[in-house]
Amino acid sequence: MSTALEAPAVAIERIETPTWQSIRRFAADGFSMTAAVVVVLFVLMAALAPWLAPHDPYESDLLRRLQPPAWMEGGEWSYFLGCDALGRDILSRIIYGSRVSITIGVAVVLIATVVGTVLGLAAGYMRGWVDIAISRVIDILLGFPYLIFAIALMAMMGPGLENIILALVYKEWVVPARVVRGEVLAAREMEYVEAARAVGAPRFHIMFREILPNILSPVIVVSTIRMAHVIILEASLSFLGLGVQPPTASWGSMVADGRAFILDAWWVCTFPGIAILLLVLSINVASQGLRDAFDPKFSD
Amino acid sequence: MIEAPTRPLLEVTNLAKTYHLNKSLMQRLSRQPILDLKAVDRVSFSVGSGETLGLIGESGCGKSTLARTVLRLHEPTSGSIVFDGIDITKLPYRGMTALRRRMQIIFQDPYASLNPRKSVLDIVGLPMAIQGIARRADIRDRVVAMIESVGLKSAHLGRFPHQFSGGQRQRIGIARALILNPSFVVCDEPVSALDVSVQAQIIALLGSLKRELGLTYLFISHDIGVIGHVSDRIAVMYLGDIVEIGPTRELLRAPKHPYTKALLSAVPQIDAGPKRERVKLTGDVPSPLSPPKGCKFHTRCPFAFDRCRVETPVLRPQRAESSAACHLLEAS
Amino acid sequence: MNPLALVGRIAQLLPVLLGVSVIVFVMMALTPGDPVEIMLSGQQVTPEQVQAMRHDMGLDRPPLERFAVFLGNALTGDFGLSFFHRRPVVDVIAERLPATIELTLAALLIAIAISIPLGVAAAVHKNRLLDRLAAVGSLFGISLPGFWFGIILIILFAVHMQVLPVSGRMDYACEVAPFTRLMTIDSLLRGRPDCLADALSHLILPALTLALPMAAVLTRVQRAAMLEVLRSDYIVFAQAKGISRRRVLWRHALKNALVPTVTVAAIETGSLLGGNMVVETVFGWPGLGRLVVESIFVRNYPLVQAAVLFYAVTYVFLNFFADLLYTMLNPRVRL
Amino acid sequence: MLRKALTATALMITVALPAHLTASELRVGFTLDALTLDPGNHRNRDTETIIRNIYDGLLTRDSKMKVVPELAESWTQVDPVTYDFRIRSGVIFHDGSLMTADDIVFTFERLTKDGALGGQTSPRKDLVGPVASITRVDDRTVRFTLKEPWPILPAMLPVQEVISKAFAEKVGSQGLATQANGTGPFKLVEWRKGDTVIMERHDAYYGGATDISPVGKACVDRVIFRAIPENASRVAALLAGEVDIINELPPYDMKKVEANGNTRVMKVNGTRTFFVALNNGKKPFDDPRVRKAANMAIDKALIIDRILLGTAAPLNGVMSPDAFGFNPDLPAYKFDVEAAKKLLAEAGYPNGVDVTLDAEGPFKDVVGAIAAMLTKAGIRAKVNVSEASTLQAKWAATGEKTGDMWFTSWGNGSLDPADIFVPTLRSGGRGNRAFYSNKEVDGLLDSANVELDQAKRADLYKKAQAIVNSEAPWIFMWLPQDLYGVSKRVSGWEPSADSRINSSRYLREVIGPAS
Amino acid sequence: MHSTRSSATEMSEPLLSIRGLKTCFATRAGMVTAVDGVDLDVYPGECLGIVGESGSGKSVTFASVIGLVRSPGFIAGGSIAFEGVDLRTLSDEGWRSLRGRDIAMTMQDALTALNPALTVAEQIEEVILAHANDLPRGGRRDAARLRAVEMLRLVGIPAPEKRIDDYPHQFSGGMRQRIMIAIALSCRPKLLIADEPTTALDVTIQAQVLDLISDLRRELGMSVALITHDLGVVAEHTDRVAVMYAGQIVETGPTRELIDRPRHPYTKGLIGLIPRLSDLDAPIRPIDGQVPELIGLGGTCRFYDRCEFRTPRCRTDIPMEAVEPNHHARCIRVNEILRVEEVLQ
């Protein structure tokens, strides 16, 4: 019997997992797909920066100081978006700057999500002192204004890419942890969890095999939304002068540098700002599409 | 004390389950009234091997809590549970695991009880995987056999719960509960979420499976019609207490407790012909958070007298293997 | 409102405040840089004077002792002297707070004024043009980097059009005797329309910069809540009663749909209060956020500690306030 | 009264018109707000600039930085450690009380006695020098007795302001922080913390220092200092006519200020020396050849021309050309990349060397250019931008001395070498960022410190400068000019090298309301 | 028990007359025809039961009547005449004045149907204020309140003048159901649509609420359309019954007659699967199979797949057929089924 049944039983039917369905729903949504494509383009831009950038982003030429964009008087097509105060090509710096934003956005959200999910699961499922301890830490961290916390941490650790990531992660994990904890509290009362307990499933199995797959989609949705947020936070930190080390280009610090010249060299801070807006907007649109696709009950 | 007609498979003595609703230190310190919900209040009964004990009661009477506490899905507050001669009241979670092969549960909600992210194969095969009693390929064979015996097709194996109707989902739940060959199954309102025509299908299925596999059921429902048809004996619960328990026919023919009488007379009957004398109840079910003193039913009982408001009646044997907890019965 | 709930909230606040104090203190203690050196940078000073100043600031004591002193004093409401201002921290914060509060309230008002009608209209006209526009608008809103948007507003309105001032809070020529220390309100109270106009012209750009992202969030919340409410049975039942559509919408639906918006608004206000240093910097707004950031840079520990504690207390109380509003709007919930 | 008049005027004009055009007043767009109004309890130059309009000092400086008497009529140095100050009579505080010698004694005792500020010690104590005692000799004479000779005492006295003893005792140190009762040309009207300090004319003003003409009361009714920290905003405020004077005009905006018909740029040599401190105690800058190579690698002229737009004077040493004892004969290190490379090779670094260049955020662009130039000469400099406080900790004389290079500066408001040379280049000096140590230089500086003959003293410093120049402990950079944007409605005002904006001293001919 | 219909209603004109009603929902999966060609009359003073399983279209039919089909649903065809007026031609204002005054509705779960954020007083008074023209000027609010208290007393809320200012959540489930009924009846409507009025309630409370509706119907002389899935409720409380299956009415007739002698196989099946306490040995006979999806139906009897009487002739649209003057069924084998039934008995 077993040999006879093995193959055909499943082959008869195309299996559509819920996740796959969500992905198909997402792909069918033109608006969100466009946004996702823009996000992918930004990622490609970051990855291929050395090949895409028309100039060395660090090459300073004081003779080109504050040269306007190509279409303005005094502009040059090879310096399409003009030059900054050190005569560096703004377009190239924007292209390189995407590396900082994307690296930090992805790294922070990834680490925070993993940490937050594990802690949220532990707090929500185990309850008791584990929950009390984790929830207290969450409460305390929530009491801190985000930027002030990050600024203080940056002052403590000093500038640098890794430190920005750490400074943001230290508070960012609270977000997925709270989401996960809430979802777990709801999920652990579901009958399918009781069903697993009724057959003696160990705690670890219930947390990671029964509950986790079911709460993953809100977590993914929240993570993408937070990624947009984190990118703005990094830019804000860089804007306040606590970002990556110069001459590394970061959009936030480019805006900050350009601020001194807003009275006539408006292009210096306008274009990097548009880059931030575009990337963050795309991520937000895509994550909204993701939410609609993964959680159809929100879809209207 | 309430003996099952056959060798008891499950014996429950003075089982109680209390939920502390405001247990944070601060709430206690701020001297808010302590909200203790006595969902199950020192209940005793037994289920004989091969028997179906029907448990009926209105919403919030504690019947589901009782069922889950019996299976140690919830921890009992006091009392004891003996399953097949083994006292499982204090067994640790891991110690319970082996026993869980023999006691299973079918849930009410066919939507919430199946993990939406798992295929039928994973859901029905989970108990075997957890219990570690079969290799993967064997699990698959066993699952195929099981789902076919509950009326599904082997082609459904890779589907996900959302691709099934309510009735089919309930069949999956039944397959999961029965795949380990348990001897004792709690059916927690297995049909109340289903449409009438599907209800009948599931009741029929549960009946035939019982006969085939020699199962013992603790069958919970708020529908006296369903209970009447599936049970050998019926226990009636009101606000955490069993107020009457007895053989089905006896209990339906000649209910003793006023609540049982009211319950039976309230059920709308499709048949013409002589109606049961209506015992009309007034008022609402009191909150389980602050149950009335004395007999918990006295606030709605048309026959209540002074003693009922003070003294809590205990379950006493009546004629024909029935027991009921009512001061009236004692008097007569 | 149950006074015990208030007691409970305050008790709940204590571990949070303690935790926050510990973290701030540790962070400050681990941060390199000496406030005295920073103050005296590039100035003539003898080592004895440096020592004297360190002593005056209590920096010569071991960290644990400093923490104990800080906690002990904080309990009595004494947060010490601001290193830099050489004045009590409480005074310095109190001076800056009204500006921040005024900005935050203005932003909150703008956000609410935009989001509630827009969210309701979007929900009622679901999937129609207005809804689509609101959706696109709110996506833009939440994606706007505030520091950049503020600069763009300055370029547009202050530099190019020159219709609004570049920075600051109020023209100095407007002498309005302080009462609430919120310039707009004081101008009104003292009957100075000219000053009110001036205060508003200073307020509008920073408030708008802060308000737009918040309005975006609130619009989405309001719309989602409204949609959910509009689907509920009680709306159908209300319609079945034959009462006017306006009443169904604004009385039956909105009262319920405001609950999540109010909750989110209160919590957002908390983050607004603690997150506006960027906008304060851009617009030269003399508020608390900028002061705290400057204080971190110059290692003005007492001020940073006190300000962060203040933020934490505010956060907890805003949550409490949100719960309060929640109970008012939703009688099912009792605190 | 004034308020009433103002309101009346305001009512006459339409509400839409900005109210500030109605009074004769001077509005200063200033980088910072005052931290406190207590003249004795801060170490902040900007704070002092604001306070100085309310409080007068015993002495002051003219725009050429010459020290002249203010509240004092004259002073005499009795011996190396004793100075007598003759006090002007009839000076009235803002509250109408008469200033006496007791007020002066009180002021300086408050500054110099430990714990005199409500238990704390004034952070300005050092600025008064090694004072042994301050005594009232008679009603009009106060005597300063020093523990040891300190020739710069008169040069330092312009930065201390005299307060009223009675007032200070009444309001206490806490009160002085927010209230003011000085003898200066302006009275405090209102301090909107973090934003604006509003002052009005002190009508009973005695007229100020007699050596600075014209003498008399301030001619404007009011002076307003408004904190506008953002450069762009400050410039925009000037261009929009919201303020009359702004300080720290960014060089880039000079063109615009000049182009605007109503404003102009005013410059004055500053007192702050910029340099790149090289860590003399550590490879590779322990070798003078490497340090010289670094000096030669920088095209100072290009940076000054392009980034600073010509608003700085190149330096070959530590002193400002305006300072006492400046040595004009120091040789310049010529920009020569090849020579620099050669020197570097000679020093044992034929393949160049990797170093870190520390700097604070505001100097990012300059440092970027410096790093690029150094790299071209083989000194591959990686820029590390940090906060001032972090860098100060890293480069503290007592620290671990791990840095390579730091683009930094040292101010010298007194324009006396004692205030810059000694701290930055004497062994163990508090500001000796380069960890430079030369016994000979130390000896010269120590002698100069106690030398009372000013000519001899100047010679000692000149010698020391020559040594330092030849050893190149720093990359010598420049002395920037202080740039001010000034409305053409303001006349008769000149910027001062000490960055002060003393509204009374110079603002004799403010044109009132623009019509 | 109250099963005999008075001859008066038999003669009179129907209060509500539905002809060929078709209500559709545009869903992602396609057009769902929830109600497909329903003809139904409600006579003055009668209690009509509408019985069917979930998805049979019983609720949507009456949502169409009161004009509250939820988006994305819409009425695609047919006519609904109330007192001779075609409701489908009504303006918004016309609907507004009809609802609550002429036709009122109660819903399944009072907990969700009552607005949690408003007091009971407000929720009753607003109906009265919206419809009553006889309230004294100036004292409208007070008068409305008095009437609201009266209504609460009528439905059996103890101490109504005290409890009227409470919020819905402060009442028990049974009391809430009574309040909802009070709201629906506060303007003395001619027709009450009671949509599953007791499904959410326990049996002992259910009995109380159903008795209340029956009593009030007689007292106020209104008609009631009682939508339920419980044949027992139908048997005890209605005069006439319509059985719905998959969007169609399959059988309609006087209650007792229909239950005792069902003509449609589905009705017969439905009755067969009710567990009877009076006869525990009577087996519960399930109907095999499932309700069909309501997309793209047509061309066949909708019960075809599950019918034990099916023949190839059933593969066509089946019309309603009169089996007795008041008894109609949608089956071509009505007479054979009757015979089988008689044989069995």
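Going in written order, the chains are labelled A, B, C, D and E, and every chain counts its residues from 1.
Here is the rule we use: contacts are C-beta pairs under 8 Å (C-beta built on N, C-alpha and C of every residue); 3 or more make two chains touch, one makes a residue touch a chain.
Because the structure is a prediction, the values reported are computed rather than measured.
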| item | value |
| --- | --- |
| For chain B and chain C, chains touching each | A, E |
| Per-chain CA centroid nearest to the all-protein CA mean | C |
| Result of counting contacting C-beta pairs for B-E and A-D, higher pair | B-E |
| Maximum centroid distance from chain E, chain identifier (CA atoms) | D |
| Chain centre separation in whole Å, for chain B relative to chain A (CA means) | 48 |
| Rounded Å distance, chain A centre to chain E centre (Cα mean) | 53 |
| Euclidean distance of C-alpha centroids - chain D vs chain E, Å | 90 |
| Chain C and chain D, separation of their C-alpha mean positions in angstrom | 36 |
| Sites on chain C at which at least two other chains make contact | 32-33, 154, 159, 281-282, 297 |
| Chain E, residues touching no fewer than two other chains | none |
| Junction residues of chain A - those touching two or more other chains | 155, 158, 259, 262-263 |
| Complex interface listing, chain D residues touching chain A | 230-232, 235-236, 239, 250, 252-253, 256, 302-303, 306-307, 361, 364-365, 367-369, 371-372, 383-387, 389-390 |
| Contact set on chain C toward chain D in their complex | 32-35, 37-47, 49-50, 52-53, 56, 84-88, 91-92, 95-96, 99, 154, 158-159, 162, 165-175, 193-195, 197-198, 281-284, 286-287, 290-291, 297-299 |
| Interfacial residue positions of chain A with respect to chain C in the complex | 136-137, 139-140, 142-148, 151-153, 155-156, 158, 228, 232, 235-236, 239-240, 252, 255-256, 259, 262-263, 266, 269-270, 272-273, 276-277, 280-281, 284-285, 288, 298, 300 |
| Residues on chain A engaged by chain D in the complex (per definition of touch) | 60, 62-63, 65-66, 85-86, 155, 158-159, 241, 245-247, 257, 259-264 |
| Chain E-touching residues of chain C, taken from the complex the two chains share | 231-234, 236-245, 247, 251-252, 255-256, 329-332 |
